[in-house]
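Next up: the structures, one after another.
Next come two complexes, and both contain subunit A; in the first it sits with subunit B, in the second with subunit C.
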Partner chain A sequence: MADGSPESPGVDAVRHCIEAALPFKALTGGTLDALAQAAECIDLFAGEVLYEAGSAADCLYIVEFGVLRLEPIAKTGHPAASAVMRPGQAFGWIALAEQGLRRNRAVAVTPARLLRLCGSLILNLVRADPAVGRMSLEDLRAVLQAIQLSPGRDAVPGHAASPVGSVVKKPAAIEIGLFRVAQWFRSPAPYMMLLGYALLLGFWYLSVQVLKLPRFAQMPGLTAVLHEWFSKNPTYGVSIYTPVYYQHILVSLRRIGIAFALATGLGVPVGLMLGWSRVFKDYVFPLFEMLRPIPILAWVPLAIIMLPGSELPIIYLTFLASFFATALNTMLGVRSIDASYALAAECLGASRWQIFLHVVVPGALPFIFTGLQISVGVAWFSLVAAEMISGQFGLGYLINTSYTTVEYPTLVIAMFTLGIVGYLSSSLVRLAGMWLMSWRTRHLALGELR
Partner chain B sequence: MSATAGAARGALKINDAVKLYEPSGARVLAVDHCSLDIRPGEICMIVGPSGCGKTSLLNAIAGFHGLDGGSIHLDGRMLCGPGHPQADVGPDRIVVFQNGALFPWKTTLENIAFGPIMQRRMTKRTAYETARRMMADAGLSGHEYEYPGEISSGLRRRVEILRALMNDPSVLLLDEPYRALDALTKSVMHEALLETHYRTGTTIFFITHDLEEAIFLGHRVVVMTARPCRPKQVVEIDIPHPRDYGVLTSRRFRELAAEISAVLEEEALKSFTRGEKEGGVQ
Partner chain C sequence: MTADIAATPTGAPALGEAGARKLPGFLNNPSVRRACIAIAAALIFWQLGATSHDWLGIGLPVVGHVPSPIAVLKAWHGLIGDPGYWESWYLSFTRVALGFAAATAIGVPFGLLLAMSRYFRGLAFPVFELLRPIPPLAWVPASIIFWPTQEMSIDFVIFLGAFYTIVLNVLGGAREIDPRLVQAARSMGASRWNIFRRLILPGVLPSICVGMEVAVGITWEVVVAAEMISGGGSGGNTASGGGLGFFIWNSYIGGSYPDIIVGMISIGIAGYLSSTLVRATAKRLMPWTRGR
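Presenting the complex of A and B:
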C-alpha cells in the first residue's frame, strides 16, 4: 500500500510493512531482509475465506491492503466479538506458538493483499537475530501468550496501525467519508481529474486564442472569461465582486429549493403509493405515464397562462420535471423490494401500516435517493429553461440576457456557475442519502454486496 | 421467551391437504391429499425432490396462500380448513426464508426486537433488553449494532432464528435456511440450532434437500413423493438426543442414510425424468 505498485511490492516495501507490524522492535536489518525475502504475497477476493477455525496454524499474516474480519466460532455462552484487521496489522499469531489450531476464521471483507510469513521461519530467524538473541524461547512464548490474551485474541495491532485496538469500533458514516477522502487523495483520481479539466481548458484556449478557428471567432477566450470573472471592476458588470452575481445565484437557488422541496414532498408519497397500492396505481399510473413524457418546454405557455406573476410559473415548471423523476424512481424502489421482507414482517405480527413504515419506506430509500439525484439535475435543467423565458433574475436569465446583449464572457461565467452550483446541490443530496442510509453506506464501504 | 413452556405446544395436524395451481391455464397439483401429524416439540424434517411442493405446504401452514382442500390444525385450533381456506399469518408460526429476510436497514438487535414491538407486546426498552439477553445466550454478543450486510451469512441465519424465537412461536417453519452456506458453516449452524432447540423446545418444521442435515437434526424424516407432494415414508430417527457431530460417523447414521436415500432417489428420478423445474411451483 505504501508505494503505488501493486503488481510487485518491492522488497523494501515488504520489509517496511513487516518492520511496522511485528512486535519485535529490535530486529536487525539482516533479519528483516530475510523475512522480507521469505514473505509471500497472497491476494484475496472480497468474501474469500483465508482460513477456517480449527485448521492448522502455521503462518502469520500482515495486511498490506484491504480489510479482513476474524470471526470467532462462538461457543455458546461465551460472548464473542469479531475483530477487523486493517492495513498494517498482523494476525494469526498462534502460528508462532507451534502446532496451534486457528481459533477463528478469517474472511476478506474487501479485496485484500496479505503478506504470509511462515511461523517456524519467523521463530528461527528471530531466535538467530543477535539483537533478540538474549530472548529465550520461553520469553517469546510469554510474549505470545500476552498477545493471545489480549482482547482480539488471535490478533494484535501493529505499531503502524491506528490506536483503535484490535476490536474495532463501528466506523461512523463520517469516518468512512473521511477515510474515503484520504483514500481518494492517495489514488490517481485527483490527478486524473485535474488532467481532465486541463484538457478542456487547454482545448478552449488553443482553439479560441491560439489557433483562432473560424467558428470560434465569436467565442470569449479563456483568459477573457477568467479575467472578467475575478475582476474587481468587470467590463460587463458581473464578477465575483459584484452583488448582482450572488443575487442571480440566490434567486436561482431559492427557486430550486422550493421546487425541489415540493417535488420531494409530493413525489415520494405519490411514488410510495404507486408502488404499494394496486388500486391507487390503477387509477393514477396511466395518467402519470401520459403526462410524464410531455417536455417541460411544452408546459411553458400553459404555466404562464395559469399562474400569476413570473415566479410561480418558473417554480411550477421546475417542480414538474423533478416530481416525475422522484415519483417514478420511488415507485420502482418499492417494487424492487424483495417480497420476503414483507412476508417476514407479516409473520412477525406487523400490521399493513407498520409494514409500510418499517419495510416499504426504508426498502425503497436507495431508489428514492437515486431518483432525487436525477430530480435535482432535471430541476436545474428546467429552471434554466424557464428562466430564459420569463423572470427577472437567475442564472438562466443571466445567460439569456448576456446572449442578447452580446456580453459573451458573462454568458460563460453563468454557465460555469450553473455547473458548480448544480454539482454542489447533487452532492448535497448524495450526502443526505448516505446519512439516512448508514446501513447501506457502511455495507458498501465494507465492499460486500450480498 | 419462556424457556421450556414450548414443549407442550406446537402440535401440527395436517389433514388431507390439497393445493392446486393454475399458472397458465393448466392445472398443476402441488400437494395431493397430504396428511401429517407433527408432534409438539419435534424437529420434523421434510425431504423430497426439488419442486415437489414442499414449500407449498409450508406456505399453507404459514398462511401465505390458501388450501384447495383439507385442513391444518395447530394445537387443536383450526388454522385453515372448510370455510376458511387460508390461515391468518401470525407470530405463532414464523417462517425463516431460504435466502434470509433480515431487514438490511435494521441492526441485528432491531431485527430481533422487531416482532414484540410491532405486536405492542413489549415496550421498546424491554424488547431490546430481551433481545440483547437472547443474543448473549446464543453467544452472539458484540454483534448487536451491526447491520445484516456486515455479518457473515451464517450469523445472519442465526440472528433470523433468534428473531423468530423472540415471539415464542408454536412452530418454526424453516425453508432450506442453510442451503446457501458452505459445509463448515452449515455444521456450526446445525449444532447451534440443536442447542437452541434443546433450550426452547419449539416445534420445528424443516424443509431441506440435504439428507445428512435431515438425519442429523430430525426426530423424524418425512420423505415426500415427487409432485404432487404427499408423504411417502416417515422414518423415525432413533439416534438419541442431544446429538453432536460424532453422530455422523456412527453406524446407525449410515444405515439410516442408506435407507432414506434409496427412497428419495426413486422419487428424485421420477421428478427428474418428468423434467420438473426447480421451484417451478411457488
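Presenting the complex of A and C:
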C-alpha cells in the first residue's frame, strides 16, 4: 500500500482490480484511471447487509477480499439458489441498467472489503472513452442482457472463477428458436434457397410454356398446375377447394397410419427380441433374411391373391415395408449397446426384466427412431406403388387415374401433395423422436456422447 | 458390435452343446441347426397351409390362397428351359444397371459438389429437398409422358430412386470428415484440388459405397413397380420378355399363380446378387476397410 492507509489502497491496485473484474477489455488507460480514482473503498463485517432486495441500484461492487452471498428475493432461502462472490468478482451489474432495482440481497459472509463504483459514472466514462466505441457498449449490452435473462442473479462472475452454486437459467426454447430464425435470416441461406426455387420454377415455366422445348412441351405447365391447384372451379375436378382432394389425402393417410402403427407395434418388440435373445434370433432371423431381398412391390399380386378386398392388400404391403425397417433397426440398436452396461446392471443385482427395461429399451431408442423415420419413408414409397396398381382412392390412385384420363395438371398436383404430406409425416416422427430422446440431444450437444 | 449382449445373461450355450453332440460338420453350430429347423418349419407350414383345402376341406384364411412350395418348384422347373424367363432376367438387369450407373455417375459428383461448395449447396440443396419427398414411383406416369420410349421412362424412375440415396450418402459422408483435417491440410498449403483428391474423396468413399449398396436395393424395388405400373397397369403386354416385374404381373393376370412366386424369388436372388456385386466392388475400391 503506497500511502499506508487501509481505507484507500493504491490507485494502481484498484485499477488492476477493476481491469481484472470488468468485462471492458478495450478501455483505454485514461478511462481505467478515472474509474480507479472514482472507486470508493468500503469495509463490511461478517453478517452485515450491503443492500436489500428492491432498493435502488446505483452502484457496482468488486470484492477485494472476503466473501459475500447474494440471496434472491422470492426464493425460500435454499442455499443452492444464492450466489457466492469471492475476491476478484464483480456484482451489482443492474446498476448499469438505468433505474434498476436490486433483485437480491447482498450479505457479507466474512469480513470483506469492496470497491464501489457508481453506475452512472461508469456509463459516462465508457461512453466518453474514444477507444471503446461500439464494441464495448455492445459488451455492456450483452452483460445487461445476461442479467435480464437471469432474474435470480444480480452478478456476473469475473473471468477468474465462477461463483459457487450459482444458478444459470437456461433460455426458454422460444428465445433460442427466435434467435436461430434471426441468425438464419442474416445468413445468405434463405436468399440462396429462394434463388434455387426460382431457378427451378423458372426452368419449368420457360421450358414448357415459353420455349416449348421438344419433350417438355407436352408436360403440364407451371401456371396451368398452379391455376388448377388454387382454382375454385377446377377444370379437372381436383383443387384445394374440392372435398375429393382431401378425401384422397385422408384415405392415404389412414392407410399409412394403420400400417405404420401395426409395423411399429409388431416391429419394435420383434426387433428387441431379435437383439436380446440369441435363441429367438437363431430361429427367426434366417426367415427374415430369406424374405427381405424380395422387393416389397414384388408382393403386390400375391397380396391381392392372399388377402380379401382391395384395402387389406395395400395396408399389408405398406406394413411389410415398414415392419422390416423397424425390426432390423431395433435389432441393430440393441446390439449396439455396450455389453458392459448389461453386466454392470447385473452386478448391481438387476433382474433380467429390469435390464431389459432400463438398459436395453432406452439404449436401443436412438436406433428405433432412425428405423421409424426410414419406416415412414418406405411406407409412403410402397403405398404409392400399391395404390397405383390396385386402389380405389388415395394419392397414388389419383396419380395413376389422372395419367390414364390425361388430366396432367392433376397428376402434378397429386405428386406435390404426396411430397408435402410425406414430408410432414416424417417430420412428425422426427419431432416425436426428439421429444422422447431429449436426454440424448442434450448429451450430443454437450459432447458427452460419441 | 464387439460383444453380443444376448449371450451374457444366458451364459454362452454354444460351448456346452457343441462338445456333447456328435453331429457332422456345420450342424454342430447351434445357430445353423436352429436356422435349418426354422426354415424347414416355415416351409412345412407353407405347404400344409397352401394345400389346406385338400386335406382339411376348407382353405385357411391367408396361406390357403398361396400356391404351395411344391407347386412353385414344379413351375420353376418348367421355366428353367424357357428363354422368355431368362430374357426377363436380362431385361431387368439391364434396366437396373443403366439406371444405377446413371445415378452413380450423376449423383456422386453432384453430392461432392454440394459438399465442397457452400454456394452450390445453398442454391441446390433446398430444391433437392423439395423434390425428394415425392416417391420415385409417383414419377412413373410423368416420366412416361416425358420420355419418348417406355424403356427410357423406366430407366429414369430407377435413376431417381438411386440418385437421392447416393447424393444423401455422399453429403453425409463429407459432413463426417473432421474439419480440423481440412484446416490442417489448408494451413500446410494444400490446394483446393489437393484437399479434394487426398482428403475429401477417400473420406467420402465409404459413404459412397454404402449409398451405392442401399441404392441397388432401391433400384430393384423401383424396377419391379415401374415395370408393373407401366406395362402391367395398362394391361396388354406380349407374354413374357418384359422384365421380372412384367413377368410377375403377367403371371397374375394370366392366373398362373405359382409363377408369381417364382418371379418374386427370382427378383430376390437378382437383388441379392447385385448387392453382393456392389459390396465386392466396394471392397476392391477401399482396401483399407478389408480388415473390418
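Here, the second predicted complex is superposed on the first by the 252 of 450 C-alpha atoms of A that agree within 3 Å, B and C clash if a C-alpha of one lies under 4 Å from a C-alpha of the other, contacts with A are read in each partner's own complex, and residues count from 1 in each chain.
Here is the rule we use: a contact is a pair of C-beta atoms (placed from the backbone, for glycine too) under 8 Å apart; a residue touches a chain by one contact, two chains touch by 3 or more.
None of these values were measured; they are calculated from a predicted model.
**Q** If we overlay the two complexes on their shared chain A, which of subunit B and subunit C does A:414 touch? Say first, second, both or neither.
**A** Only subunit C; A:414 stays clear of subunit B.
**Q** A:346 contacts which: subunit B (first), subunit C (second), both, neither?
**A** A:346 contacts both subunit B and subunit C.
**Q** For A:354, is the partner it touches subunit B (first), subunit C (second), both, or none of the two (neither)?
**A** A:354 sits against subunit B, while subunit C stays out of touch.
**Q** Once the structures are superposed on A, label A:52 by its partner contacts, choosing first (subunit B), second (subunit C), both or neither.
**A** first
**Q** Tell me which partner touches more residues of subunit A in the superposed arrangement, subunit B or subunit C.
**A** C
**Q** Going by the contact rule set out at the top, does A:381 touch subunit B (first), subunit C (second), both, or neither?
**A** A:381 sits against subunit C, while subunit B stays out of touch.
**Q** Answer with first, second, both or neither: which of subunit B and subunit C does A:283 touch in the superposed model?
**A** second
**Q** Considering only the touch criterion stated at the top, classify A:362 as touching first (subunit B), second (subunit C), both, or neither.
**A** In the superposed model, A:362 contacts subunit B only, not subunit C.
**Q** Let me check the overlay on chain A: which residues of subunit A are in contact with subunit B and also with subunit C?
**A** Shared contact residues on subunit A (touching subunit B in one complex, subunit C in the other): 338, 343, 346.
**Q** In their shared complex, at which residues does subunit A touch subunit C?
**A** 188-189, 192-193, 195-197, 199-200, 215-216, 218-219, 275-279, 281-287, 290, 293-302, 304-307, 334-339, 342-343, 346, 352, 355, 360, 380-382, 384-385, 388-389, 395-396, 399-400, 402-404, 408, 411-412, 414-416, 418-420, 422-423, 426
**Q** Touching residues of subunit C toward subunit A in the complex: what are they?
**A** Against subunit A, the touching part of subunit C is residues 1-10, 13, 30-31, 34-35, 37-39, 42, 62-63, 65-66, 119, 122-127, 130-142, 144-148, 220-221, 224-225, 228-229, 232-234, 244-245, 248-249, 251-252, 257, 260-261, 263-265, 267-269, 271-272.
**Q** Spell out the part of subunit B that touches subunit A in their complex, as residue ranges.
**A** Residues 62, 64, 89-91, 93-95, 97, 99, 101, 103-107, 114-115, 118-119, 136-143, 145-147, 149-150, 152-153, 155, 163-164, 167, 182, 184, 188, 192, 195 of subunit B touch subunit A in their complex.
**Q** Going by the contact rule set out above, which residues of subunit A touch subunit B in the complex?
**A** These residues of subunit A touch subunit B: 49, 52, 71, 73-82, 107, 167, 170, 338, 340-341, 343-351, 354, 358-359, 362-363, 365, 437, 439-440, 442-443, 446, 448, 450.
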